[in-house]
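My questions all concern the structure below.
Each chain gets a letter, A, B, C, D, E, F, G and H, in the order it is written, and its residues are counted from 1.
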Amino acid sequence: MEKNALKDLLELVAAGKLSPPKALDQLAELPFQNLGFAKIDHHRSVRTGFPEVIFCQNKHPAHVIAIVKSQLEREETVFATRAGDEVISLVCETFPQIEVNHIARCFWKKSRHWKAHPSPRGVITIASAGTADATVAEEARCTIEITGHPCTLIQDVGVSGIHRLFAHQKELRESSVIIAVAGMEGALASVIAGYVGCPVIGVPTSVGYGSHLNGLVPLFAMLNSCASGLTVVNIDNGFGAGQAASMMNQS
Amino acid sequence: MEKNALKDLLELVAAGKLSPPKALDQLAELPFQNLGFAKIDHHRSVRTGFPEVIFCQNKHPAHVIAIVKSQLEREETVFATRAGDEVISLVCETFPQIEVNHIARCFWKKSRHWKAHPSPRGVITIASAGTADATVAEEARCTIEITGHPCTLIQDVGVSGIHRLFAHQKELRESSVIIAVAGMEGALASVIAGYVGCPVIGVPTSVGYGSHLNGLVPLFAMLNSCASGLTVVNIDNGFGAGQAASMMNQS
Amino acid sequence: MEKNALKDLLELVAAGKLSPPKALDQLAELPFQNLGFAKIDHHRSVRTGFPEVIFCQNKHPAHVIAIVKSQLEREETVFATRAGDEVISLVCETFPQIEVNHIARCFWKKSRHWKAHPSPRGVITIASAGTADATVAEEARCTIEITGHPCTLIQDVGVSGIHRLFAHQKELRESSVIIAVAGMEGALASVIAGYVGCPVIGVPTSVGYGSHLNGLVPLFAMLNSCASGLTVVNIDNGFGAGQAASMMNQS
Amino acid sequence: MEKNALKDLLELVAAGKLSPPKALDQLAELPFQNLGFAKIDHHRSVRTGFPEVIFCQNKHPAHVIAIVKSQLEREETVFATRAGDEVISLVCETFPQIEVNHIARCFWKKSRHWKAHPSPRGVITIASAGTADATVAEEARCTIEITGHPCTLIQDVGVSGIHRLFAHQKELRESSVIIAVAGMEGALASVIAGYVGCPVIGVPTSVGYGSHLNGLVPLFAMLNSCASGLTVVNIDNGFGAGQAASMMNQS
Amino acid sequence: MEKNALKDLLELVAAGKLSPPKALDQLAELPFQNLGFAKIDHHRSVRTGFPEVIFCQNKHPAHVIAIVKSQLEREETVFATRAGDEVISLVCETFPQIEVNHIARCFWKKSRHWKAHPSPRGVITIASAGTADATVAEEARCTIEITGHPCTLIQDVGVSGIHRLFAHQKELRESSVIIAVAGMEGALASVIAGYVGCPVIGVPTSVGYGSHLNGLVPLFAMLNSCASGLTVVNIDNGFGAGQAASMMNQS
Amino acid sequence: MEKNALKDLLELVAAGKLSPPKALDQLAELPFQNLGFAKIDHHRSVRTGFPEVIFCQNKHPAHVIAIVKSQLEREETVFATRAGDEVISLVCETFPQIEVNHIARCFWKKSRHWKAHPSPRGVITIASAGTADATVAEEARCTIEITGHPCTLIQDVGVSGIHRLFAHQKELRESSVIIAVAGMEGALASVIAGYVGCPVIGVPTSVGYGSHLNGLVPLFAMLNSCASGLTVVNIDNGFGAGQAASMMNQS
Amino acid sequence: MEKNALKDLLELVAAGKLSPPKALDQLAELPFQNLGFAKIDHHRSVRTGFPEVIFCQNKHPAHVIAIVKSQLEREETVFATRAGDEVISLVCETFPQIEVNHIARCFWKKSRHWKAHPSPRGVITIASAGTADATVAEEARCTIEITGHPCTLIQDVGVSGIHRLFAHQKELRESSVIIAVAGMEGALASVIAGYVGCPVIGVPTSVGYGSHLNGLVPLFAMLNSCASGLTVVNIDNGFGAGQAASMMNQS
Amino acid sequence: MEKNALKDLLELVAAGKLSPPKALDQLAELPFQNLGFAKIDHHRSVRTGFPEVIFCQNKHPAHVIAIVKSQLEREETVFATRAGDEVISLVCETFPQIEVNHIARCFWKKSRHWKAHPSPRGVITIASAGTADATVAEEARCTIEITGHPCTLIQDVGVSGIHRLFAHQKELRESSVIIAVAGMEGALASVIAGYVGCPVIGVPTSVGYGSHLNGLVPLFAMLNSCASGLTVVNIDNGFGAGQAASMMNQS
C-alpha cells in the first residue's frame, strides 16, 4: 500500500494536478518505508520463512495470551520462545491446538498458510556438550523446524570425553551447517569447527559455576578459537543460532 | 544536488516523458538521501555551526595534510583534534595560516564563509579538576570557540581542596551550560551539578594510575552521581562535550 | 532566614554591639549555607521547576507513606519514582488524590502552588527501542511532565527494523531535545544523534540477557558513539534523563 | 597455659630430668602459639578492646543462638554483626538481656568484666552520604561504641548538596578520626579528606543501581582520590572501619 | 597414505601373514588420523578452497621468509595475514612474484595448481563503518578473493550518518552474505542485519578510545543485537570473517 | 566389547569372509572409541578409582532418584555432589542404604564390587580457612574418601590468626598432597605452599562479600602466589580438588 | 589575608562606612575560603607537617624544574615523587642541594623553616613482600621521613617464606602503625594485620604478571581480608600510605 | 645455627646458669625460625631438588650478573627464568660456562654438588597448542630438567586440528604427569584431561588477540573444564607448572 501511496502521488503529477516542486515537498515528508521498507520486510519474511516471534521472558502471561489470540485469529503462524511454566500452562489451557516443547520452553502453531522452506542445502546438525545445555539446544531445534529445514540433534558430546563426539563423525561431516552448544569452557565449538568444512555457529551457555561468569567464559573461548568457519551468537541464544543456521542453509 | 535529481525526475513525469510506473521504479532505486538526507545534513551543519572535523589520532601525517589541503582549497573551515607533535609541526610548516592550540592538540582555520553561531543562550563554563586534565579541557574550549559560543575555562578546582572550586561560585551560577573535566575519582562533576541549576556535562579523563582503570573510575563515578542535570560523555572526549554544550547553548 | 541570621550579625556590628574580631569568630562558626547555600537551593528549585523527589526503591512502604503524608500536609508537590506494586497499592488506598503511572512506577500530586515551567524552548521527544524499555521511557515522561515541558513518546523504534524509526523523522527533527532509551546493543541513541541537530540524551536500559552485562553494553555503546550532541546517563535512569532534558529545554 | 607448658618443659630441663637435645626435639613439636601467640592474642584483645565478634551472615539462627549462649555462660562480652530479622527476633526472645540496633543489624551484651577503652585521643566522627547508607554507618557506630570510644554520627551529607556537609565543618575539624560512608559515586570521602587534617577511612556501600557495580564504583572512586590521609575498607564493611578507627583513636 | 598403511595392514591379515590379535595390537598403536583424519583434512582444503595461512604477527621476519620459501618451492599457494612493514618489505625483496595488499597487511601468491572456488551462491559484501576500519575490512576482502568468491567492499557507512549506508541498499539486498566491520559502538552490524535477509557476520574492531575497551564494546554490542541472522567473530578478525563468509557462500 | 567388535572384523578378514577394501570401509565407519577409547575409559576408572559422579545442581529431584535407582540396580557405586536439601531428603527416604554428608551436600553408596585404591603415597590433608568454607572442604573430603585415600581435615586455620595454622605444622609437613580451601582473600594457599614441599591444590571459595567478586578474588590471589607447587581449581570446586589430589597421591 | 579581607569588611561596617545590607551583598560575593578555608589549609599543613608535593609523573622535566626553582626561591620545602631518570638527572644538575632517593624516585630539600613533626606516638614500620616492591616501599619511607616520624623498613618478607616475616615479630609488635607493601597475591597485609594490634595500611603494588591485573589482585585481596585494623590505599600509592601513616602516628 | 642458638639456651638452663623464667623470656624473643623454619627450608630444597631461582624480569642486567656471580662463587646451582636478550648476552659473555635455552629465556649451571632427583614416578609430558606457546612450554621443560625428571615435549597439537593430538595418544597415556600449554581458547587442557588418567596441569598463555584478554580467556576456560584431574597455574607460568609437575612426579 505504501507503494500505492507513491504511485498515487506520481499519477497526480502526471495528471498535472500536482506541480513537481509540491510533489517534492510531499515526498520529503513521506516516511522512508513508503519507498519499500514494508515491502522488503514482507519479502524477508517470505524468503527466510520466519514468522513473528514472541519473546516471552519478562512478558506478563496475560499479554502473551493476548498476542497469541490475535495471531491465531489472523491465522498467522505463532512461535514463542523463553516461555516459563506459568505461561505454558496458561497457553495450553486456552489454546489446545498449540504445540509445546517443554525443554526448549517454546510453543508454536503453524498456520495453514505457513509453507515449509523450499530449498534447504542440507541438514543442520546441533551438537550439545552436556545434558544441562538441552534447553538451549532444543530452542535452536524448534527454531529450525518451524522453518522446515532438516535438523539433527546430538547431545552430551562435550570434550571432557571426546570419543563421544567422534562417534558421530559421520553426521558431523555430512552437515551443511552445525550449531555447537556448550557451557563450561565451551571447547566443543573449537573442536567441531577444526574437524569439519562447513560453517559452525557457536552458542555459549550459562551452564557452569564459579569463575564461569554466567557464560562469558565459553563465549570468549569460542571467539578466540582459531578453527575456521566458526562464528558466535550471544549466551544462551539458541533461537538466534537457529535463525542464522536456517539462513545459511538456504540454497 | 540529490534534490535536483529528484526534481528532474518529477519534471520528466510532469512533462509526460516518464510514466508514473517507470518513475516509481526509478524512485525505488534512488538512494534514500535523495529524499532529503543530504539536505538535512546541510541543515544540521548550518544549525549546529559545525564544520567537518578531522580526528587525527591514528591517521598518517601525510593523510592529514592531504585532507587539510583539500579543505583549504575548497575554502572550507578546517578543524582538527588529537593531533600529535609530528602532525602539528608538519601542518604548521605546510600551511602557515593554520592556528594551533598545542595543549589541546587542536588546529583550525576558519574560512571566510564561516559564521559565528548566531544566538547563544549564555556562557559555557569549563571547569577542570587538575592541571593534568588541561588537554581535555582545552580540546573542549577549542571546540566551543570554533562555534562562536562564549566560553570560560576554570582550572585546577578538584574536590580534594574544594574551597578552590567555591571561589568560582559566581561564574558557575551564571553559566548556562557547564562542562566538568576530571580524572582521578571524578567527583568534580557531582559537586558542581549538585550546586548549580543548569545542565552539566561530565568528561572523565584518563588521568590517574593504579586502580583508575584508564578513566573508567571517573566515568562510572559521574554516571552514578545523583546530582540533577548531569550527563556524561566518553573518557577524554573534550570534543564531544564541547559539541554537545554548544548545542545545548543554542537558543 | 539564614540570610537574616547574617543580617542580624552585621547589624549588631553596625550598632557597635559586636566588635569586628568577635564577629569574625562568629562568622567562622556559621555554617556555609548561611551565606547563601540554602537560598541558592531555593532558587534552583524555582528555576528548574523540580519538587522534592521520593526514590522509593529499598524504602519501606510505611516510610514512603509517611513522607507523602508530610508533603501533602505541607501542600508540597509530591513526586515519587521506582515505586513497587506494594507501595503503589498502599499509596492509592491511603491518598486517593494521588495520580499514578503504573508502567513508569511513578506517582505524584501537584500542589495548588505548583507552577508549570514558564518557557520551554520546544518539544522533548522520548524514543524507545523496544516495548521492554517502556518502564524507563515512561519514567522519563512523568519526570518531564511534572515540570510542564511538552513531551512526545515514540515507542518500539529499535534499529533492528530501522524503517520504524524513520517513519518518525518529522517529530525527531522538530524536537529541541531527544531522549533515546534502549537496551540490547543500545544503537538507537547513535542512529538518532547522527540524524538530528539537537542534544540527545542516551538512556541505556537493563533489558537484555547473556553478555548484556545488565545494561553495561548499551551504556558503553552509547558512550562510544561518534554521533554529535550525544550525552549519556546511568542505566535505567529515566528520571535523570527527564530532569536533564527539562533543564536543556529551558529558554 | 601454653606458657605453662613451656615453663614446665624448661623446669624439667633445669631439674636435669630432660636433656637439652631431647628438650630441643620436644620444642620443635610444640605448636608455635605455645611460645607466646596466645598471650599476644590476649594482649591484643586487652589493647584493642575487642571481644570475639559473631558474623551472622550465612550462619544458621540456631548456631548463632548456641554461640551467644556459650558466650553468656562464660560471662564474655557478646557482639554480633549482619544479623537478619529472623536471627534478631530469636536472639531477643531467648536472651532478653541482649541489646539490639535494628538499623545496624547488630546486637550485643557487654559482660561485667568488660572495660571501656582507657584513653581515646579524641572523637571519631562517622559521616554518611545518604539515608540508604544508614545500615553501614550504624554498624560502624555500634562497633566503635562497644570499645568505649566517643563517636558522633552525621547523616545525609552527600556531595550532591554539599552545603549540608559544610554545615558540620566544626565537628569534622574537631574529630581525631573520620569514617566517610558513601554509595553512589562515593565522592564524600574525597571531599572530607581534602578538608580535614586527620585520618579518614572511606567505606563504600552497595547503595546504587545500574553501572554502580554493587559498590565497586564508590570503592574505586575512594581509592583514586588524591586527598591526603584517606584509606579504604571493603564495600559495606562498617564493622572493619569502626574497628580500624578505634585502633587509630587509641593514644 | 595413512589409508594405505591401514590397507597394507588389512592385506597382511587377509594373506594370513598377520594374526587378528596382533593386527589388533598394531591398530591400537596407529594414530587416529590413519583412519581418516588426514584424508578429511585434505577433503576440507579441497572443499573450502583454503590454502595454509601464515599468521605473521609475532613471527620473526626470517621465519616468515623461510615458510614462504618452502611453500613456493613446493608450488603451494601462499597466503599470509598480519604482516608488519618489515616483513612485507623483506618478502617483496626476496620474492618479487608475491602480491601485496598493504592496507590489509596481507600478501599471497596463488600457485598454478590453485583453483578458484567452483560454485558461489552469490556476492559477499563487506561494509565498514569508518575509514579506520579499513585494515580489517581489507583483510576480509583478501581472504575472500583468494577463494575465488565474488566480493564487494563498501566503506565509511557508519550509523552516525546512516544515509550513507542506505545509499547502498541495492548492493546490500542483493548480497548472499554480508560482513559488517565496525569499531566504536559497532551499531552497523545491527542496522544491516535488521535490514537484509541473508546471513551477516559482525567483525568488531579495536578502533576507538576511552571506554571502548579495545573492541570489547562493539563485540558485545553485536552479540546483543536482536537482528536476525547476525553472528560474530573475534575483534579485528577480518580473516576469520572472510573464511566463514566463503563457507557460507558455497552452494 | 568394542575391542571384540574390532576383533570380529579382523577375524572375518582373516577367514577370507571380508575383503580388505570392504574392511577398510567398515573401519572408517566405526566410531573411534572402538579402537580403544572405551577401554581406556575403563582403564581410567580402574586406575583412578572414580565411579560415575552425579552433579545434582540444577537437576530435578526425580531425575536424581532415577539415576541413583539405575546405578543401585546395576550394583554400581553411587556418588553425588551438590545435592540440595530436597534432593537429600528424597534420596534418604527412597534408598535407606545411602550414606550422606550433609555439610558437604554429598551422598554415596559403595557397591560391593567397589575396591579401595590400592597404593596411596601418603596422607592427603585438607586445610580450610574458615568455618564458612566447610561445605567445600567436606566435598573434597568425601571425594577423597570414596577413592580410599587417607585424608585429614584441618579447619579454621585462616591467615588472619596464623598461629592456628602453625599449630598443625606437623600434619602439614607429613602430607603427600595438601588441599587449601579459602574464601575472603585466599591467602591460606600461598602460606601453606610456601611452607611445605609437596603439591598443594588451592580451592578458592565464594565465601566473602563486597569486592570479593563471588570468589574471583581468592581465585586470582592463589594464581598469583609465587609459592612453589601450588596449582588451582575453580571456585568452590571441592570435588575437582579431591579428584586431582587422589590422582596425585597414587603411587 | 583572606581573613584580613573579611576583617576589613567588618571594620568598614563597624565604622559606619558600609551599611549592613551592602555588606551582606559583598559577603555573598566573597569566595568561601575567605571565611576560613585558606586558614584551615594553613592549619592543616602545620598540623600534618606536609609540604606541597610535586607529582612528577607525566610532567615535562622543564616544568618540574620551574616548580622546584620557584619553591627554592620562596624558601619552601621541596618534595617530589614519581620522578623518572631524566627528571632526576636534570634536577640534580640544576640544584645541587637537592637530595635524592633513586629507588623511591623521590627528591626533596627541607627548607630551614621546615620543622620535624613534634610528637610521634611511636615507630612506623614498613614491611615489603619482595625486592620488586622496593620502589613503593621507599616512596612511603621518604614520605614519612620528610614529616619527621621515626620509620623502619623491613624488606623481602613475603608470605611464600613466612618465617622471614616472623623473624621480625618484635619490630612488628612494637610499631604504632605498619605499612604492608605487597604485589603478587598481596597476602602480606592480611598476615601482618592478623598478627599485631595497631593500624595496618595495605599498599598493593603492580608487581606481578598474567592474571595479576596490574595490581588489582593484591588490592582486592587486601580489601577482602578479615584481619582487624587493615585499611588500604591505591595500587603503588606509597606516598599516600606514608602520608596517612604519619597522620595516624600523631599524638 | 638457629638450632644451635636454641641448644645453647637449653644448655644454659640445664647448667643452672639460666633460670626457667628467664629462659622463657628469651625464648619469646627468639624468632620463630629458630624452632625449625630454616631447617625445614633446607629439608624442602633437598626434597624438591629446587635450587634458588632468579626471576630476571624487571631486574637490572647488572643485578642479575651480580647474583649469578655470587652463586657460582659459592658453587651453588644457578637457574634463571624470564631473561631478556640483553641479560642473556651479558651473562654468556661474563660466564662462558652458563648454559642457555633461548626460546625458554632460561639459563642455568648445575653445580658439581647438584644431584638429579632420585626417584621419578614416570615421564612428565608437556603438550603445547601452537608454536607461539613455545616460550612457555620450553620454560616448563627447562624447569623440569634441572630437577632430573624425565620430560617429553609435544608441540603444535592444538584442538583446531585435533588429530595431531591423537597421533600422540601413546605418549600421553604413558605419562605420569602432563602439562598442557595453550593460548587462544585454551581447550587443549580440557581435551587432554578428559582423555588420560594422570594429573594434568594447565598453563594458559598470553598468545592471542582481541577478546583474548591477555590470557584470561584460556585461564578461565581451563578452570571451567569438567575434565578430571586438571589443575591450573597463572598465565605464562611455565616455571610454576614445571615445578609443580616435578613435585607430583616424585615417588
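Annotations
One rule holds for everything that comes next: a residue touches a chain if its C-beta (ideal position, glycine included) is under 8 Å from a C-beta of that chain, and two chains touch if they have at least 3 such contacts.
As the structure is a computational prediction, the values presented were derived from the model and not from experiment.
Relative to the C-alpha centre of chain A, the farthest chain centre belongs to G.
Centre-to-centre spacing of chain C and chain H amounts to 59 Å, using the average Cα coordinate of each chain. If you average the Cα atoms of chain B and of chain D, the two centres end up 50 Å apart.
Averaged C-alpha coordinates give centres for chain A and chain E that are 25 Å from one another.
The set of chain B residues that touch two or more partner chains comprises 32, 161, 195, 210-212, 219, 223-224, 228, 234.
Applying the touch definition to every pair of chains gives A-B, A-C, A-E, A-F, A-H, B-C, B-D, B-E, B-G, C-D, C-E, C-G, D-F, D-G, D-H, E-F, E-H, F-G, F-H, G-H.
Listing the residues of chain E that touch chain C in their complex gives 130, 158-162, 184-187, 190-191, 193-195, 208, 210-213, 217-218, 220-228. Of all residues in chain A, only 29, 31-33, 37-38, 41, 57-58, 206, 215-216, 219, 234-237 touch chain C in the complex they form.
Note for the complex: chain B touches chain G at residues 132, 161, 163-164, 166-170, 207, 209-212. Interface residues of chain F, counted against chain H in their complex, comprise 40, 43-44, 47-48, 50, 121, 166, 173, 195-199, 201, 219, 223-224, 228-234, 240-241, 243-244, 247-248, 251.
Residue ranges of chain C in contact with chain G, taken from their complex: 3, 6-7, 10-11, 13-14, 16, 19-21, 23-24, 27-28, 32, 35-36.
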